[in-house]
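Each of the two complexes below includes subunit A, the first together with subunit B, the second together with subunit C.
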Partner chain A sequence: MRGFVARRMAGMALVLLAVSLTAFLVFNVIPGGDPTVRIAGRSASEQTRAQVREDFGFDRSYPVQYVRLMGQVLDGTLTSYPDRVNVRDEIVRGIPATASLVIGAAVIWVLFGVGFGVLSARYAGRWPDRVVGALAMVAISLPVFWVGAMLLYYLTYRVELFPPGGYVGLSEDPGGWLTHLLLPWFTLSLLFIGVYARVLRTSMLDAEHEDYVRTARAKGLSERRVMTRHVLRNALVPLVTLFGLDFGAAIGGGAILTEAVFDLHGVGQYAAGAVDSLDLPPVIGTTLYAAFFIVLMSALVDIVYGWLDPRVRVDG
Partner chain B sequence: MATHRASLSTLRRNRGVVAGLLVFGLIALACLAAPLYAEHVAGVGPEANNITGTFQRNGRTLDVVTPGGRPVGPGWSRRYLLGADRNGRDVMVRMLYGGRNSLVVGIVAALITTLLAVTLGLLAGYLRGWVDAVIRGGFDLLWSFPVVLLAIALGTALAIGGLELGPVTIEGDSLWIPILVLGAVYVPYLGRPIRGQVIALRESGWVEAAEAQGLGAPRIMVAEILPNLASTLLVFGTLIVANNILTEAGLSFLGAGIQGPSWGSIIAEGVDRPTTAPHLAIVPGLAIVATVLALNVVGDGLRAALDPRARVSLR
Partner chain C sequence: MAEPVLRVEDLEVAYATAAGPARAVRGVSFAVAPGETLAIVGESGCGKSSAAHAVMGLLDARRASVTGRVQLGARELLGASHTERRLVRGGELAMVFQDPLTSLNPVQRVGTQIAEQLHAHRAIGRAAARERAVELLGRVRIAAPAATVDAHPHELSGGMRQRVMIAMALANEPRVLIADEPTTALDVTIQAQILDLLAGLRVELGLALILITHDLGVVAEIADRVLVMYAGRIVEAGSPAEVFLDPQHPYTWGLLGAIPRVDRPVAPRLPAIAGLPPSPLAPPAGCPFQARCPHAVAACAELPALEARAGALGHADRCVLSPTVKRARREVVGRIGLEVSA
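Then we have the complex of A and B:
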């Protein structure tokens, strides 16, 4: 088991290295990527440009530039090009909003996703299943940002029930924190509730036909016990994978659309801004930050799997 | 053959699939007819500004955009059936042209994803060894990027500079940019399950028989394994088109998608000014939901008809 964990961790480091290298290469190869023009301005003379290239080290070879950039990532001195803002500080500033949004939404989507999934499987083929199935189908077909925009329009502009976006710190004003996050939580969790309910329904119905469930019934265990201990417990395993990947991507800044609609100023919105202005250092910084969570969560999922099912460990 | 006929009749009996196909077909037809509508009904193109103009609705003369900057809303008239945007452009015309863009991008990108995923999945799953290791590494790498962020990055960068691929030059405002971006980022989502299926199929008796007959690897991959992937590809393909339309709308909303009219960019305009022109956000959103829902229902029905045990899912 320890060897398995160590292998996974080494693999993680390797993937992060590859991610940073890819981001660096892509940004230096694509035509719009050259930062000199953006720093010096479009009308700058060739002399000024040469000066900028020298000051920022763009005249050095790509390997040198890459190593210097990664050094800055590691010691936290990475700064954006045109306006010289520290990237780590900006990411850290976005974490409370992103973490509040994603952790809160994750609690909601797991509770309701599992609840609706169980309901659906329990009444498979009957009307509660049909209603949940139809609602879940709609939920996975909604554009996230549009749901957010509609909620904002009807519940803050038409009826002034909720504040119009923005993030309020939990320690500053717990009440404001909550009211500012209720709509974003709902918006972000809607899709996942639909997905989880559908996946859990399928895997519960699959588990129903397993031998161990028939054995449990044959032993004379109560229906309730069979459902919770045998069916549900095994059916939750695929949700572990889903949750690990979804949560990792969202906390890493993947909830960009929700953050943008509600103007929460989280990590995702910072990343989107950096990408939009094609600023390499914050792009590398936020990409690595996001990739770290995605890779970490998928490693955790593998480890949890290895713990649940020893056969997985052999394959690595 | 018998099973195919059986699934076909299951499909026809599945009212959801029929309804989904009908809705999607109608939307696609309407979007295809965009130039006809623009010319014969509205009489204006998608980019025709008309900020200071007036038009007739129910015998009354209305400002297209009021002096206060409020665009006219939906109403029963040939022009501005779904109202105007803040430049005085006809929203119905832009919806149809935008829908054309959204559908073309969603469908062509899904074809590219499928083609790449099948090729890579076949090679990795059948040849194994170092080929498998390289392809799997590539999937893992792409998988580790946050999809939306990656797509925005590529979309923005390419929109500024365009793209030169040898003799082919793609302009920054070409539809090919969102198509290629979306086509690339979802490859691992399909490539991984395909690879898994190929590995399972490779162990099957008829592949062993083909190998024993001395058939070459390309022949076995294309003639023996590929046909068995068809139902997975059909189901997945439908779901990927639905997913692409959603993602593209999100990218356009953030300004990194289609350059020109698209459902996502019309919503973005409406979201900017919710109080003056709510119809700009509401109408294209409903169009997206109808299209994506129809495709998801079809995909779900196809899965049930073709392979009840398949548990493919894409988000």
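Then we have the complex of A and C:
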């Protein structure tokens, strides 16, 4: 186990290095990426620009700039170019909203995804399966921004059931926290519910044809026990991988559309703003933050996988 | 012989397919008594596994229709309620499958899988179930039962896994054990051990053992009676000595001829029966083997009943040819080294 953790940590460092390097390089080759113009303004004199270049170190070579940037990442002094706001503080400020959104939505999408998946597999080919299948396709196909906008229009503007976006801290006002998050939760989980229901249906139907399920029936187990302990138990294994990566991506700021539509000011929305204004430091900061969660979740998935399936249990 | 514990009569199994019902088992009858080993032999697709699954009640009622009679003791199983059938499965009627690796749940410990079968049939505490699991593993001659009970299937060898399967099947002291190709997936040396085990358990526990196999060597070793199945029908029945030394049905001749022999010069190619079995979608009336049989006559369009020949106690076959004709034909076939397909 200790060896596993060490290997995973080393791997994580490498991934973060590669991700930051890629973000840095991409930023420096795209047109309009030159931060000098953005900081000094379009009409600034050549003298001002030279001054900016010198102040920010843009006149140095790329390796030097990169190393300096990474140093700032490590000691938490990374600031955005135009307004000199500390990137770490901004990310930390976005975490409660993002975590509330993603954890809540994850609970919903797992419960309903698994529930509908089981229902679908149980009644495969019959009407409950067809209904769930059709709804799942709709849920997967609907764009998140459209769903969010429709909900906002009908449920906050036409009928004032919910507050019109924004985030309220859990500790400040638990009721407000909940009402502000119900629509975002629904919006974010809709797609995942559809995907998980379909994936689980398929893997349950596959598992149902396994020899050990026939054995379970030959043992005289009740149908319920055959389904839960043998079919579902084995069918959930692939879903764990899916969940780990989906959750990692969303908690790392990937729920950009939902956060933006409901104006939650989470990490994703911050990242989107940084990309929009071509501001390198927050782009690097949020990218590393997201990559960290994805790598972390994939390591966790491996551990949980070994627990769910002893054949692949991690050694060392 | 003792009163049969399991009696199957006129068993018919038909699978629903897009092209119509596929008739896998057609009018099969047999009975097996406590302490007796009944072997059902035949090539893949002859319906032997379908018959076993039908007896166990493992066929999906939506995909397969099963008719006839399956009597366990005095009880009729076909037509019994779902719950009644479930309680018989893994209770009085147990089954062991071909591939013990895929037949055991990969994510559950061996002891859990055995205990689960106990819990399904009786009120038994966790500790007692575990104790019984260890005892059962010892009974199937696993060397370290107390350690094996906590192992996962992938940590065991193929032979050990099959022993676990057998231990599981024995959990509730079944009266009938159906073993569907129990040694096919195992190494030859392990095969012998598993057969010994099954033969021993049959005597110790007074089990009625139904052994489904295509391995005639296995049959010769432990069977009391043999049924030869072809295209969903029993074509010949008798003791191993009768069926192997005095085969009556031309299909049985072909089946016996297809065993590679090491005590004879190597044939240029392995002997095989020419042609393919008939489609279960449109099985022929009369003898199912007539299309491939080099000895077929017009009378083969009628299928005689499986009746014991005069002078032979339990030896019966369904070939219309007279015993004299058969003997003459068989000798010719034997001399030319059996039919070799082109």
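By our rule, the second predicted complex is superposed on the first by the 301 of 316 C-alpha atoms of A that agree within 3 Å, B and C clash if a C-alpha of one lies under 4 Å from a C-alpha of the other, contacts with A are read in each partner's own complex, and residues count from 1 in each chain.
Please note the rule applied: a residue touches a chain if its C-beta (ideal position, glycine included) is under 8 Å from a C-beta of that chain, and two chains touch if they have at least 3 such contacts.
Only a predicted model underlies this, so the values are computations on that prediction, with no experimental measurement involved.
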Touched partner set for A:P63, first subunit B, second subunit C, both or neither: neither
Chain touching more of subunit A, residue-wise (subunit B, subunit C): B
Which of subunit B and subunit C A:H230 touches, first, second, both or neither: second
First (subunit B), second (subunit C), both or neither touched by A:G3: neither
Partner chain(s) touched by A:S222 [first = subunit B, second = subunit C, both, neither]: second
Partner chain(s) touched by A:V15 [first = subunit B, second = subunit C, both, neither]: first
Contacts of A:G175 with subunit B and subunit C, given as first, second, both or neither: neither
Partner chain(s) touched by A:I256 [first = subunit B, second = subunit C, both, neither]: first
Shared subunit A surface residues [contacts with subunit B and with subunit C]: none
In the complex with subunit B, residue positions of subunit A that touch it: 15-16, 18-19, 22, 26-27, 30-33, 137-138, 140-146, 149-150, 152-153, 157, 191, 195, 198-199, 202-203, 206, 246, 249, 252-254, 256-257, 260-261, 268, 271-272, 275-276, 278, 283, 286-287, 290-291, 294-295, 298
Complex contact set, residues of subunit C against subunit A: 56, 58, 86-91, 94-95, 97, 99, 102-108, 116-117, 120-121, 152, 154, 165, 168
Residue numbers on subunit B that touch subunit A, as the complex places them: 137, 140-141, 143-149, 152-154, 156-164, 242, 246, 249-250, 253-256, 264, 267, 270-271, 274-275, 278, 281-282, 285, 288-289, 292-293, 296-297, 300, 311, 313, 315
Complex interface listing, subunit A residues touching subunit C: 210-212, 214-222, 225, 229-230, 233-234, 237, 308-311
